[in-house]
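When the chains are written out, they are named A, B and C in that same order, and each has its own residue count from 1.
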Amino acid sequence: MTAWVIARNTFGEAIRKKILNVFLILALGSVLISLTFTFLEFRQQVVILKSFGLGMVQFWGLFIAIIMGISLIPADIEQRTIYTILSKPVKRYEYVLGRFLGGAITLAVNVALMGAAFLLVFLLKVNTRALESLASLDFGPFWTSWVWSGEVPGLIGGIAMVYMKLLLLLAVAVCFSTFATVTVNFFLSSAVFIAGSISSVTEAMSKSPNTPIVLRWLYAAVHYVVPNFGNYDVQNPIIHPEVPAADLSLYMWKAVFYGLAYTIILLVVGVLVFERKEV
Amino acid sequence: MSVTARRSLLAMLVPLLALVVWLQVQLDPMRQRYQPGKVTNIEIGTQFVAATLIGLKEVVAGLLWVRADEFFHSGNYAAVIPIVRIVTWLDPHQIDVYDTGAWHLSYNFTDSQERSDRRYIPPAQALYREGIANNPDIYDLYFAQGWMNFHKVLDFKKAIEAFTEANKRPAVDPSTGKKRMRPQFVGHTLAHAYRKDGQIDRAIEQWRQNIKDNERYVRESGDPGEQVMVDVARNNLNQLLREKEERSRLKPVKDAKFEAQWQFLGPRKFRVFGTLDLPTGARVRLVLRDKDFKEQEFQKFSWDIDTNQTILIDDLYVRDGRFSRTIDIERDVSIYPLKAEQYVMTFTFNPLTAPDFVQDVIGFKGEGLADQKYLVVRNGVRMLEKSFLIKRNQLL
Amino acid sequence: MENAIEIRDLTKSFHSVLTGEDVIAVDHLTLDIHRGEIFGFLGPNGAGKTTTIKMLLGLIFPTSGTASILGYPPGDIEVKRKISYLPESPYFYEHLSGYEVLDFYATLFGIPAAERKKKVDELLDLVGLSDNKHKRLRHYSKGMLQRIGLAQALINDPDLLFLDEPTSGLDPIAHLDIRDMILRLRDEGRTVFLSSHQLSDVEMVCDRVSILDRGKLMRVGSLKEMLAGKSVEIRAERVRDDIFEKVKAHSSDAFTVDGAIRVRVEQSFVNETVQMIMQTGGEITAVIPGKRTLEDIFIETVREGTVS
């Protein structure tokens, strides 16, 4: 309950943060830009638009997640607002949980806004013909030719995967922020993100007979122990709905489960460290 | 927080970590299905791995392809092919890239007299094979592969094989992402391929099937505009039945008096000429190749061709019973290196590839040909063929 | 229970990364704060006052020693319901208005919504911010923020308040307001732990004071006792120089202004001094029973600490 109060307040604080809003605006802008992709074949245009849109949601989301994650707790310490909070009947774990939860909600709202803009742009793109009929003020053909693309649910799934990835990154940054300074944490979290994003490399190297055995263990450790952000890179089958992707939704559920489990680990570690932290 | 609470939280981490590792083990084999660009076979710059970090692999692929398009329009075909490799590695489902890439390979590398470099046909085939392996459930690349064999390579057996596969598969609507009926011309092309291969009865059967398919499509799509395909199929069927009827009565009475010759004009320059007493528009295929020429085999796509090979293919048009052409490959040393000691020059008249009005005279498979000299029967087709064995110094 | 706070041997040392040495911020502090008193916690900057408060609140953890707040260990969730803290130059969430920030803190105490509204309005009224309650804190002046700080420290009707430099940076009027408020809190039966280096404030409101210097407790006692001095100030004119020198030797404080002198001497030396001046033609203008100021004591204490 207390955690929820802090979460709500954190959200209110975050959505007023200029820098996060700048990223959001940049994201919306870059999603809109993809409407100007009018080269090659129509099919190619749609593929690039989908890929670009999902990519932009993720790209700008990364900034939002990492900048928010590294500063959520340190900002309170820096500005000494934490004194008045922790001297109230707030348990330290409730505070950590509340800050994280507030960040998670902020992230969700941001991703939802970017995702909605992307879906809108996508629908406009695939309905180019319907829109052209509008220009001639002829609404009949507009309604008959407008399509509600069957790809929308898949794309929403893709956006959800992006969100899970960002949530996990947020948890990493929040966990590290309980012991690292903001600057150190920025590089630390980024490094973990990179190491965790090249899953296919780490997996291949850990299994390759050409890798020295010690390195193989190292790669395996990185692959299994570092949060595996690469798990959420399933945009390819989402961008190409014609490609059969067997068990994709099962996979996505497992990836969500993985992300939640890992988020809990990171929060537990963060709480354990923060319990002993001198603020 | 009490010591007990701390300890239990710490203890909780162990099963949680185990759960995470277990999930990762579950996810790994599945993940590979959804993630293109296996790292184990990187043959290209790792800078593209960076794009994967921020989930922009497909964007990079798309933008690279735009760049490739610019290269193409500026005539820099050689720059296009490596991009094809990168793009299809980054996103193996951008089917237009395979198609366009293979088309570049098979058509656009040409000599100074606009003959394409045939050594690029095997890479093009390999690229299609790879594209199909990555996108096996839609008609697009089967059809494209078939079309290259039908139109460029004139290997109708391979074309039939590919068109047959294409004709079983759906297309995808780029607007909705949903599967839909493949275009109606796929079945038509298959019928044409049967006919070109001399399988007239199979062609007739296919046209009948096409009529049924096209009619059903008109009903299901509710698009009366598609009726035209039904009409086309009916026409083609009727014409083929008529031709079959007429040509079945042909006897080998037409002596085309086929003769071919070549003449050295200078280094890498020679004239080919001869006679073929058939209507203007018939074609004689000229092939000049290394004596031991063997088409390169590519297990996987590569544009690394054997540059020591020489193969030249040209079609010689028959006008008023004669054909003649000067082949000047002086400026095309890179395409025709002439490194082998011995060469085979072959002149072939193949009735299967002859236009209708020529087939009216000699039949689908040369049934009407009465030539004794140079007549060879291959797969039931009566062709005319004359070959020369040439030494290297005879060409230089 | 008699004592609101009992501190025993409380020690905090920090490890300095720069010098590689341990810095002792609070050194074996033992101190009792009685219930219902205003306790002045004095010391120069860096004496360890804030460190001590943070340990008592459970924000940082002692290296050794113990403390008990209202019978609870520091940081206990139960004790946090009964105490409050106003940090030095407090910052609050700037995106909130005065009303919202108090509402937020009230929610942390689990005060139900209806009661919360009443309480917050009352407090805003008390600290004189009713007119500005919907203004964002980012537009508040320093004085207004200090008032919000005080209001948030009162939200839970605390039994014990920790006020860290509550008057720093305030204009004189606000200064007075806060002083009055602290006195009122005592009258309501609350205990106030007032950390400050504003000696005049402490002097006016505190019942007992302690002086901390470089982590060590130098002095503790009732303010009355501490200030009750035995010295007398003598003012005179036309005092001969040699006499002034003589008197000065017995004086704790002596100076001349335009031929007039002011000296502070021990009670036992008053008669002798007066006689000396009068016999040599000087004129006594005043004999004032001396009272020491807290400042005297403070400076004395800190100086002694430095010498020793």
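What we mean here is this: contacts are C-beta pairs under 8 Å (C-beta built on N, C-alpha and C of every residue); 3 or more make two chains touch, one makes a residue touch a chain.
What you are looking at is a predicted structure, and each value in this text was computed from that prediction instead of being measured.
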Chain whose Cα centroid lies nearest the overall Cα centroid: A
Selected interface, A-B versus A-C, where C-beta contact pairs are more numerous: A-B
Distance-maximising chain from chain C - centres being C-alpha averages: B
Separation of chain B from chain C, taking each centre as the mean of its C-alpha atoms, in whole Å: 92
Chain A and chain C, separation of their C-alpha mean positions in angstrom: 50
Separation of mean Cα positions, chain B and chain A [Å, integer]: 43
Chain A: positions in contact with at least two other chains: 91
Interface hub residues of chain B, defined as touching at least two other chains: none
Interface residues, chain C side, partner chain A - complex: 54, 57-61, 77-78, 80-81, 83-85, 87, 89-93, 95-96, 104-105, 107-110, 149, 152, 156, 162
Complex contacts: residues of chain B adjacent to chain A: 1, 6, 9-10, 12-13, 16-17, 19-21, 23-28, 30-40, 49, 52-59, 61-63, 65-66, 69, 91, 93-94, 96, 135, 137-138, 172, 174-179
In the complex, chain A residues that touch chain C: 1-2, 5-6, 9, 12-13, 16, 79-81, 83-91, 276, 278-279
In the complex with chain B, residue positions of chain A that touch it: 39-44, 46-48, 50-52, 54-55, 58-59, 62, 91-93, 126-127, 147, 149-151, 154, 162, 193-194, 197-201, 203-204, 208, 223-225, 228, 230-231, 233-237, 239-248, 250-251, 254-255, 257-258, 261-262, 264-265, 268-269, 271-272, 275
